[in-house]
Each structure stands twice: as C-alpha cells, then as structure tokens.
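Several structures are given next for inspection.
You will see subunit A twice below: alongside subunit B first, and alongside subunit C after that.
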Partner chain A sequence: MIKRDLMAALWLVFLGSLLGMTQATAQTPEARGLEIAQEVNHRDTGFGDYQVDMEMLLRNQHGDESLRYMRSRVMEVSGDGDKSMIIFDRPRDVKGTALLTYTHKSEPDDQWLYLPALKRVKRIASRNKSGPFMGSEFAYEDLTSQEVEKYTYRFLQETELNGQPMFLIERYPVDENSGYKKQQVWINQVEYRAEKIDFYDRKESLLKTLVFQDYHQYLGQYWRSGEMVMQNHQTGKSTVLTWKNFQFRNGFTESDFKKNALKRAK
Partner chain B sequence: MDKQLAAILLIACLLFPVGVAFAEWSAEFSLEGRWHTEEAVDPQQHSGGLSLSGLAEYYASWDGGDQQLVFKPFFRTSEYHDGRAHVDIRELYWLMSGDDWELRVGVDKVFWGVTEAYHLVDVINQADLLENPDGEQKLGQPMIKYSHEGEVGVLDAYLLLGFRERAFPNEKGRLRTHPMVDVNNAQYETHKDYPGFAARWSGSLDDWDLGLAYFHGISREPRFELSLAEGVPVLTPHYDVIDQVSLDVQLVDDDWLWKFETLYRSGSANSYAAATGGFEYTFVGIADTDMDLGVLLELIYDDRAELAATPFNRDVFIGLRWVGNDVAGTEVLAGLLYDQQNHSRFLGVEASRRLVNDWKFEFQLRRWLGIALDDPTYAYRQDDYFEAKLIKYL
Partner chain C sequence: MLLQFFDLVLQRRWLVVLISILLVVLTASGTRFLTFSNDYRMFFSEDNPQLQAFEALQNTYNKTDNVLFVLTPPDGDVFNRETLSTVEWLTEQAWRIPYSLRVDSISNFQYTSADGDDLLVRDLLEDADQFTDAQLAEARRIATNEPLLVNRLISPSGDVTGVNVTIQLPGKSLTEVPEVAAFVRNLAAEVMERTDIDVRLTGVVMMNNAFPEESKKDMSTLYPLMFVLILIIVGVMLRSFSATIVTALMIFLTILITVGLSGWAGIKITPPTTSVPVMVMTLAVADSVHILVNFFHYMTQGKSQYEAMFESLRINFTPILLTTMTTAIGFLSLNFSDAPPFRDLGNMAAVGVVIAFILSMTLLPAVVMLLPIKPRKTAAIGEVTMQRFAEFVVRRRNLLMWGMAGFILLLLAQLPRNELNDVFVKYFDESITFRADTDYAGERLTGIYLLEYSLPAPAEGSVTDPEFLQHVENFANWYREQPGVMHVNVITDVMKRLNKNLHADDPAWYRLPEDKELAAQYLLLYEFSLPFGLDLNNQIDIKKSATRMMVTMQSVSTEELLALERSVQDWLGQHVPEYMQTSGTGSTIMFANIGHRNIRSMLQGTTVALILISAILIIALRSLRIGVISIVPNLVPIGMAFGLWGIFVGEVGLALSVVSGMTLGIVVDDTVHFLSKYLRARREQGLSPEDAVRYAFSTVGTALWVTSLVLVCGFGILALSNFELNSGMGLLTAITIAFALVADFLFLPTLLMKYGVSKHD
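Take a look at the complex of A and B:
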C-alpha cells in the first residue's frame, strides 16, 4: 500500500518535471511576448522623474501645418502607473492649460484639465483616452505611460528593422475603451526599446504607424526618443512630435502632481 | 480696495528679488459685436454695436518656481456708452509654495464647484455681469489664501479683504432691470469693508472629487428693494452678511460624469437650501470620426421656489456639447434652461474655433423665451442677442 503510493508520487514528480521542461524549452508566444514587455519595462524602471519640452508639428493631407508647444513633467510611482503633467504654451488660446494624469496599471487613468481663464479644474471622463490629443494624430492613450498591465501580448517573430535585430510582438489593449484592437511593436533586441508601432483600429485595419527616431540614452540607462513620427494611413495626416531638453532627477514629489500644482503651473 | 491694492503692490515689490528667473508679458485683445434682435423694453436702450476688450498678463517666477508674481489687468470699452466700459484688476498676487503648502497674497479668482449650467456653490468672487449675463466672468477679489495639502485632499483658508459691488448697465444698456438698479446707493447690513472668511477642503479619492466649504461674509448676490430716488422708482441693492456651507461632489464612471452641488445659506433676510446636480455623458468618436458629443442634464432646486432672487429655482437644464477634436479646436455648447413652475425658457449657444496664427473666433447666442412676469429674468425678455467675437493673442 505504502509502496504503491510512493510509486504514484514518484510518477507525479517525474511527469511534473517533464512538463516543466517542455514549458522552459517551448515557451508559449503569449508568455514570450509578456516577458519581452516586462524586460522593456524593467530596463526603464528607476528613472525617478524627468521634465521635457515638446513640439508638435501637425500636417494634414494638403500639407497645411500647425504647431503646438508643450512642457511635460513625469514622475515614476512605485507600485502604480506614472504621474504626469503637461502644460500647454502654444497655440496661444490654450496657453496655461494644463493636463494632470495619474496612470494606473489595471484601472482606468485619472485625468484633470485646468482651464486658466475660468481657474477651473475639470475632471475628464476616463473614456476620452482614445480621442486625438490637441487635434494631432496622437491619441491620449499613445502619450500616457505604457504600463505592462495595460495590454496582453503575443510574440510574433524575430525580425530586422534598419539592419538591426528586432522582436516583433503584438499587444492587445485590455481596456475596451481603447481606440485600438491591436498594436504591432518592433522592439530592439539589444536595447529593449520600441522602434516602431503599427496601430490597428477596432475593425483591425491598419490605422497609424509610429516611428521612434533620434534615441538618446540618459543617466547611462534610459533611452528616450527625440522624434516620434506618427503617420495616419487612413487620412493621410501626420504629426511629428519632437522632444527637447530632457532633464532627469529633478526631485519632484507627490505634491508637484496635485491639483494645486496644476493651478500654479504656468 | 485701493489702499489694499497699494499694500499688496508694496509687499510684492519688497519680496521681488533682484534676479527674476523667468518673466514674460502676454496679452489678448478681442473685438466684439453684439446685436439685439428684438426692440428694447425702454427706448433709451441701444440695439447693439461694437466693443473692444483687452486682458494682459505679466508673469514672473523665481526661487525655482516656488515664488510667482501674476498681474492681469483687464479693460473694456464700448461703442454705445451703456456702462459696459470698465477696467478691473482680474489678478494681482504674489504666491509662495512649499512641499505641502501654498500662500497667495493679492487679488485672485477662485472657482468652486462641478456643475455646468449653474455654479451654485461658487461664492468667492463677484460676478462681472457687464461682461456676460451668465456670470461666468468674475471681478478680482483681494484675499490672503493659505493652502495645506494632505494625503488625499487640500485645505484652503481664505481671508477676503474688501468687497466688490456688483455692477449693472446704465440706462442705455441692455440686459438690465426696469426700474434700474440704484448702484450709487447700495445698502450694507454691516459696512463695505466687512471682511469675509472662507475655508474649503477638497480632495480626490479614486473616481470621486469632493469639496466641502464654509463661507462667511457679504453676499455677492444683492437683494433688491423697490424705492424712490429723486422721485424715480429704483431697485436698491442690499448686501447682507451670510453664512454658507456647501458640498460639491463629482463621480467619474467611464463615459459618465455625475455632478452634485448643494448649499445651505443663512442671513438676516432669509435662510434657504439649494441644490443642483445631474450628469454629462460623452459619446466618444461619434459615427467613426474624432468628434465627441456630450449630453448634459442638470436639475436645479431652491427651496425658496419662486421667491428666490435667482432665476435658478426649479429648473431643468438640457445641453449638448460637441467637440470636433480637430486642428482648429472647434467646440459648440448649446443649452436650454426650463423653469418647471413658470415655464420660462432660456436658450444659450456658445461656439468657438481657432483661426490662423493666434486668432480665435467665438460666437454666442442668448434667447429668453416665454419669460413669465414673476421670473427674475422678466426684465431680459426682449434682450435676445447674438455676439461674434474675434480674439487676437499677443
């Protein structure tokens, strides 16, 4: 009796380890995609905070151009999504308007908009994330913190982009209010940073392509793109977002990302 | 007021350091045409014309941004000499902030509340009715404000120095009462320099935004009594001292914004409770475009009912907000306010669109429909107007 139980236990251990081995050798595409996303996130963890100037050049299908200037401050929050504040400088009619965002890993982000003419802070309904940011080809959700938990993943293949080895992964927004069904992301195999994203709309047709250019490394670790080019394939419009004057570790605290700070941001 | 302003300026100058880290001037000018579509109640009243206004802003910051000086003067001139021409210091304050506190000394504007149709609990600043009958434009209020930030919220304490009387158009002006308000003979329960005090705690917890406030001081809304001035009937404004407690709440739930404001106000003339609340639901990306359409519904309740000095007593507000999300930032807000008791209706439309290089266009339409004799807006019943405004930013 005891012997038979022992034998059964040994079999279980044997089968179990066999299962473990197959998992290690033949990882599912989902697990591999997630692993890559986690590594991207891991390498970008610990930057603390940064501030940066943003310039947006909007171009429509006829070649008409329009400019926007903004400043952004971002603070890393341990155990939750980043906090950020964007202050608008141009166009002039929105000068002094400021957007405060608390991103969350699994819940919808919290957003408040400060309107300087009325001195009023307005809460933004959480679904508005899929809408265009300042009339540009960037949606709000493209510009907020890309937390790992906001997507599920699938590894597609190893490939090349501009002669560099890439992981091509697909990610699917968890939030049903996202404007996208899926995104295909080219991730640099050496630096684990995104080089290109194809956005597919809810009907799964190709909507936009985002290309990250002019990467620079800060604090010897953190890569930031200096120029992002977003091309809308369905409308022919495009937006070039230029990031200038990155400054890391400014010593921002929680109170720099509260409503009072929003009201005195100029 | 003048003495206080001088004192504020002096303090600001004393604190102003030699080396300002950042300073800039900016300004906006707007040329506005307003046309009334109906014949005035009183033949002295004009039918519309042009008006020019300007708002400048000086902003300086130093001490790593922890200290700021803001100065915002405003003026309006008017073609038709209707009393709309005025100047005001919208803002002139010095600000200092630390890790969890902020101090503001000077003239400033403060907004409380969450609703769209009627800003019930918003009590700090006097409404600038010469600018717009909707009361959204405010006169600057001299104050000392101290804020302390906690984990979830912030506590603001206000000492309000000096009272700003409400201004009204003169005999040529539209959007005025008949008989006219005797602005030179305002009556005070105490005196004009009676200081005010206010405190407000506001915070955000998950999907909730909350504000709890107390105000003591001269009511910004005067009460009117019919009297005679040199044998002519006039409305004499009476400014009472009031105590007000208020609560404002907002809940965000996906595409829904739920809003609620309530107050209890007591004064020597009367005491009452009032509330307003409702929702804004946004259809995001309507018809597969970038456009959003918001639907607003708000109810307004005042327990004084038709005795209330305000038209906002038992009303329903239905509104539509269309946002183009385009390069020009086109927006249209249309709303209908309906008085459930006397069936008076008010229709308002506001639209704006950015033009090329620092220019903006705004349009406004206001109509008073079927206004009942006992409604406080009865005086405006023939004052329907539309307004076009061109704004240039410098």
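Take a look at the complex of A and C:
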C-alpha cells in the first residue's frame, strides 16, 4: 500500500518535471514568433515622434519611371497604434493633399484625406484599404505602423542574410481584408529590425519582396531604413522608397494630428 | 557511281537495315524534346510590329490574358440570393487561381456612394445570401445601370453574369496554362455541382489551353485515319501484303525521323505543325509506290528480285529526286511567312520529303530484298481507258484549249470574292467546347475581342487634365456608337461617378470634374479606398501620362475591324489634339493584320519558289520553251482553287496564305512526269506532238491520277481537323491538286500540241 503510493508519487514527480522541462525548452513556434515580434516592438518603443521626407521612384516593366514626393510625421501613442500624417508634394496636382491615420492595435485604422482642391477633409470609408499607395508597389498596410496585434506569428528558423544571423518568422494578417495570406520576415538577431519581407498573396504565391537598406540608428536606439526596395514578382513593377532627413523628438502633440490640422499641414 | 550505290544497298541489305535502325533511334530520340505551344502569340514573330505595340502596352499597364466564367442561372435571373451568393463565392475562390492578378465580378465591383460628406467605397455584394428583396432590387438597379459592368460582367437584362480573372503567366513553363485551366474547370464543376447554374469558360487562357488539347485530339483521330487510308490505297495498288507492310513501315519511320529531328531542332508543336505528319505520309507514299510498282512490273517480266529492284531504282531515281526537290522548295518557301508555326511546318515537311526520298532509295529496297516476294500479275489498270482518253484530248484539242482557258478565266475572275478574315476564335471549329462557350458568351454577355488604346495625355501627370478627359470621354462616346461595339471601359466613367458621389450623389454632378487638381485628388481618395488587386494601375500609367481604354467587340470580320480602326484614326485625326493620336492594339488587331502581312510575305516566297522550280524544270527537261509552258499548269491550279474558294467560302486568312507556295512544289510533280514522258517520245522516238501526248498519257496517265487521288485524299483528311486553320489549308490544297490534274490532262497537252513545236525540238 505504502509502496504503491510512493511509486505513484515518484511517477508524479517524474511526469511533472518532464512537463516543466518541455515548457522551458520546447517553446511553441507561435510563441517564439510572437516573442520576437514583441521584442522588435519593444526596442522601437519610446521614440516619441519623428518627421521625415519620402521619395518614391516607381518603375514599370516597360522601363518607365516616375517620382512621388511626400513628407511624413509620426507620433507614438501609448496604449494604441501610432498617429501619422503624410503630406503629398508631388505629383503637383495632389500637392497639399494630406493623409491622416490613427492606427489601432485591433480595430481597423481610421483615415482621413484632406483635398485642398475641395478644401474638405474626407474620411476614407472603406474597410478594405489594401490597394497600392500612390500607384506604387507599396500597399498602405506595408507602410503603416506595424503593431504587434495586427498579425499572428510563427517562428520558422534561424538563418543568415548577407552574412548576418537572422530570425525567419512568418506572420499572418489578422484583418481579413488584407491583400496577403502571409509574410515571411527576416529579423536581424542583433538589432531586432526587419531586413527583408516576402509577401504572399491569397493563393500563397510569392507576390513581392521588400528589402530594407541603408539602416541608420537615431537617438542611439531607433533604427530606420533609408531605402526600401519593393519588387513585385508577378507584374515586374518595382518601387524604391527613400527616406531622408529623419528628425526625432519634434514635440508633436495630439492637436498636430487632429482632423483640422490637415488643412494647416503644408 | 549511282549504280554502284544501288548495288551496295541491295547486296549489303543487313548493313543498310542496321544503319537505318541506328539513324532512327538517334533521331527519334528527339521526340522527347517535343512540347506543345500553348500561347496564341506563337503565330507572331518577335519583330511583328503589332505584337511589339501590344507588349509595350501590356508592360506599361498590365496583361490582359484572362479567364472568363460565364454564369447562367436556370431561371434567367441573376439577382436572387442563390446566384448572387454563388458569384460572391466564386469571386472569392477565383483569387486562388494560379497566376491570377485580379478578379472582377458584380460582387466585388467597387461601388461608390456618398455617405454624408464622405465617399463610401464597398463591394457591391456582401453576404448576398442574407439580402432582403429590397437589397436584391437595389443590386439589380446598380449593376444593370453601371457602364463599367453592363455588357462586360452583366447582361443588360440581368440574366447572365461573368467573373473575369486577369492572369499573368510568368511564361517560364508550359505547364502554366493547363494548370490554370484545370483549376478553373474544377471551380466551374464545383459551382455546377452545388447549384443549377450553368457555367461556361472562355478567355485567352482557355483559348491557349485549347491549342494543345485540340491538337492532341486531332492527332489521335487524323493520324490513324491517314494510316489506314494509306494501307488501303497501297494494298489495292500493289496487291501484296508484304509490300503494303514495307510501305507502312517506311512511312512510319519517315514520320518518326521527321518528328524526332523537329524535336532536336526545338520546334514546338502548334496546330499548323500537327498537320505535317499527314502531309509527309501523303507525299512519302508516292515514292514507295513508284518504286514498288516498277519493281513488281519487272518481276512479272521474269526478272530476279535483285534485277527488278535494281532496274526500278535506276529509272525512278531522277524523277523522284526531281519531285522531292521541287516539293521541298515549295515547302521551304513557307520560311517567308511572318508566322513562325508555318515556317516550322514548311521546314518540317521539307525535311520529311527528303527523308522519305532517302529511305525509299535505301531502306525500302533493302527490306524488300529481305522478304520473299513472289512475282504477281499486276494488271495495268485502266490502260485502255487512258488510250481512249488520249484520243479524246488529241481530237478535241481546240475545243478543250479554249474551253479550259474560258473555265480558268471564269474561276480566276472569282478571286476578288475572297475576303481576308482572321478571327482567332474561328480558328477552332464549332464542335470545340472553347469555341461553343466563347460564341455563347458573345451572344449572351460579352465578347472576347478586345481593342486597346493607350491615350497619351499632354504631359506627365496630366491624365486628369479636364480638356484631356473631355477628349477621352468624347472618344469613348463616339466608340460606343460604332457597330459591333459591346463595351467601352474608360476612366472617365469612374471620374464622373466620383464627382457625383462627392457632391452628395447629386445626379447633376455626374460629369467630369472641371479642375485638374480636383480630379487628381478624387482619384487619390478613391485609390486609398480600394482593395487589393482592384487598383487603377491597369488604367493609368505610373507617370499619369496616359490612360488605357478597352473596347470589347462582338465577333466581327477582319475587314470590318480594319475599317473600324481606319475610322478611329480618322476620328482621332479630326477631333483630338496631336499629342493624343494613338492606334489600337491587342490580340484582335494583331490577328486582323496577320493575314495581310502573310499574304505579302508569302507572295515573295511563292515567287522565289516559282523561279527556282521553273529553273529546275528547264534544266531537267533541257528545254526553255517547254519549261516556260509548264509554268501555266503549275500556277493556274492555285488560281483556280482560290477562285472556287471565292465562290463557295469567300474567306481567306493566315492559313490559306501559305497554300500557294506549298502546293506549287506538289502540283509540279504531275507536270514533271507528263512532260518528261512527252519529251522522251519527241526526242528519242521522234514522235509528233500528238503521238507524244498519246505516249505520255499511256505511260504516266494512270500513275498521275492515282497519285493525285492519294494526294487529294491525304490533304482532304486534314479537312477533318478541328482547327479551321488546318482544315481550310487541307481542303484548299486538295482542290488545288485536283485542278492540277485537270490542267495536266486537259490543258497542258493542248498547249503542247499548239505551242510546243519549234525548230529546235
């Protein structure tokens, strides 16, 4: 009787320790993917705000090229997604047009566009905003603040890119209106910044590849890519997005990102 | 030397067989490289200007290769919950089609409306299975009044609807097209299983897929048929089982080597080249028959197997070489064609006839020597008939000459009745599902024929310029009034709708924005609201310096289409500024021009072939006068055939443009045989022209009509092809060969008797 109890107890201890060990070492790929995404987010937290000039070079398969110029202001919001404003400078016919976005962690983003020709602010009333940004190969969802909650994750493997150690993770958009089924992201193991993203469309074919180049560190912590190259593999079109003149800590306030601030944005 | 060669072949028969087997194995192994082309662009050479223009347009915007699902609900009404939710489901599923870029249907149509002060952009149908009757009526009202949808994705009465999938094939592998076809067929089958909705499939990708599919069907019916026909003809003519088997073997090996060599040469199988084996079989059988007929003839005269074959080879070598050369030259003239498949056809067939010649001079005699062949009585079929016929021709020569001349002129006068027509869907005959479904789509929903215009704006970024937009709208409106136009897809319809939406849906604002900036900003707002894949990049280029307008046409003839494009050019010239001038492009325009281009190039090809062949005849016959006379029966049959075609069919196109060059080399054979016998009688026996004609008839008359019969049957079999390309080509060639026989029997002798005498002959 006692012997049997002892045996049962021993078994329990053994099984328990086995369970504990599994938890400690064999983390699920989903959990590990999420952990990496959280670390990426964590390291980019606290920048406050920044403004930057953007230049987009569009290319089609025929070899034509076209330039777009815009400026962006971003303000970090604790507890929710960032707020941003993009002011368009060129093409000239959309000069002064400004896009205000409140990103949210779980709900769809709110967006307003100011049309100077109409002198009116219009809300973008569509649940489905995955079209091309300014005719480029970037979709708005590629450029917006990459909140952790917008995807679910899965760690794939540790790998190398350009001789540097990477985490390769897969992430799946939560928004069913996303243009993508999944994305594969190469994350720098040292700096926890994305180096490359492969975008897969709804039929899970490789659609686009985004490569982040020319990284610079600001305020001793925050990495920003100076050149993002997006190649569409299906249409042969490509876009090079260049970021210039990053300025951090401009002291932006909530009122700089109000709807009526759009009209003043020049 | 030649005789030594024959001796070697007949003595070392096993060696010949061995070498032949080795050769067959080596060449036939090339068949593994053979692939079926499944891209309609195969008909265009890389330097074809219409193809280049189309490629440029597609590289600027996007591709327009597509699959169109045509959905017909049983009750004749699309706007019920079941059908609409099926369209919704299918639209969703269609994004999973391999290489799909974009899916358009009435369900994901981006419907815009005013929402207070804002622009609401949404899918026209969402959860249609939950729709109230009022929502159904609303969906019908919107869809059947939307210029972007009516006659493109919904019929005006709302009884048929379509789901259009834009496909961009990487073009790296030949499995891409069948992959797409299999996927969309599964989807269609699934819809038909779940509902009573009838689903049909059309579009460029389905057409591309039909090329190899129908080629394979053609091969599996026409090749065996041809083979059986040959066995029958040879069996009847030679009345020898072993000879028939030998001939069949010969022909089989000829085809194997020809096709194998094509594989080595990297030629892709296209509808025109699928007809090559039938042609080569037809032409190869003549070589074998000539040799075997003479062989049996000498055997019955009591010669040994060796002597009989040796003699047969000796007397047949020159005429067969000569006819092989002229036939090959005729086929090689197809290299002048602008359409690569016809160049391939010409080269393959030319190689084929040469192979047939080589094998009938080597393997055929060697194998015959290996078989125990008993001498047989081969009755001279129809010799008496031929003599009577000769008498008739000699006696009635004047009547015949003038009668024939009149008949020829009468047929030649019908030539202008032929109209150029290359409507690519009609390359397939009506028994083919793709053709039937495409015709159905054209009658009930929309056409497959697209004309595309890239309209240039005055400068970069000025696509929203009000003046420019006004011109674009005028052009589109003018186009909509043209006959045969089903739909015009143009950016100004979007602009007008947005203008209305942004003015609280006030119908009075359904007009073009009057301010360039405003228009550009509307578009920007609209673009920010669009879902993945449904952007405007297929309508506005990245420099915002041009817009694409797409015109969907009913099935119209090439002449009508070219006339339309001419009036387009006139209209543009008169109504829009210099910078906006542009010409139409697209597969429809490419095919509309292919006939003209090929006829022009083939005219050169045929001329070159005619000169070469006539030169060969003059040299071989050693008579300039007779050589010149021979041009008449060589050329006239082609003209007569086209004249007859003009009366009964009246449509010619790409495939028929190559017939003249091709048949020239074939019909010349009859003339060669007739003239060589005629001249032999004149020169060696010193006979008068009349008696020489009698002699020619009695010696080669039977052979000529029999071989002509074989040729007519062989090319006639091509008329059974599922491809109008091949069936038209086969039929016209058969007619030409029949006329050639008529000309050689009824016209050439009368010319010889009248003009064939000169002091030198």
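In this section, the second predicted complex is superposed on the first by the 244 of 266 C-alpha atoms of A that agree within 3 Å, B and C clash if a C-alpha of one lies under 4 Å from a C-alpha of the other, contacts with A are read in each partner's own complex, and residues count from 1 in each chain.
Here is the rule we go by: a residue touches a chain if its C-beta (ideal position, glycine included) is under 8 Å from a C-beta of that chain, and two chains touch if they have at least 3 such contacts.
Note that the structure is predicted; figures quoted are calculated from it, not measured.
With the C-alpha superposition on subunit A as described, subunit C and subunit B clash in the combined arrangement. When the two structures are aligned on the shared chain, A:234 is found in touch with subunit C, with no touch to subunit B.
Residue contacts after overlaying the shared chain place A:226 against neither subunit B nor subunit C. When the two complexes are overlaid on their common chain A, residue A:131 makes contact with subunit B and with subunit C alike. Within the superposed three-chain model, A:99 lies in touch with subunit C and out of touch with subunit B [touch as defined at top]. Applying the stated contact rule after C-alpha superposition, one finds that A:119 touches subunit B and leaves subunit C untouched. Greater residue coverage of subunit A by touch, when subunit B is weighed against subunit C, goes to C. Contact with subunit B, but none with subunit C, is seen for A:110 once the two complexes are overlaid on the shared chain. Using the contact criterion defined above for the overlaid structures, shared-chain residue A:179 touches subunit B and also reaches subunit C.
When the shared chain is aligned, subunit B comes close enough to touch A:259, but subunit C does not. In the superposed pair of complexes, A:29 makes contact with neither subunit B nor subunit C. The contact surfaces that subunit B and subunit C form on subunit A in the two complexes overlap at residues 58, 60, 66, 91-95, 118, 120, 123-128, 130-132, 134-135, 177, 179. Partner subunit A is touched in their complex by these residues of subunit C: 56, 59-60, 62, 95-101, 115, 117-123, 168, 170, 460-462, 464, 502, 515-522, 524-525, 527-537, 540-544. Across the complex, subunit A meets subunit B through its residues 58, 60, 66, 91-95, 108, 110, 112, 118-121, 123-128, 130-132, 134-135, 177, 179, 253, 255, 258-260, 264, 266. Of all the residues in subunit A, the ones that touch subunit C in their complex are 58-66, 88, 91-95, 97, 99, 111, 113, 115-118, 120, 122-135, 139-140, 177-180, 201-203, 205, 234-237. Of all the residues in subunit B, the ones that touch subunit A in their complex are 26, 28, 59, 61, 68, 70, 95, 97, 99-100, 102, 109-111, 114, 136, 147, 149, 154, 202, 204, 207, 209, 250, 252, 254-257, 280, 282, 284-285, 290, 292, 325-329, 354, 358, 360, 391, 393.
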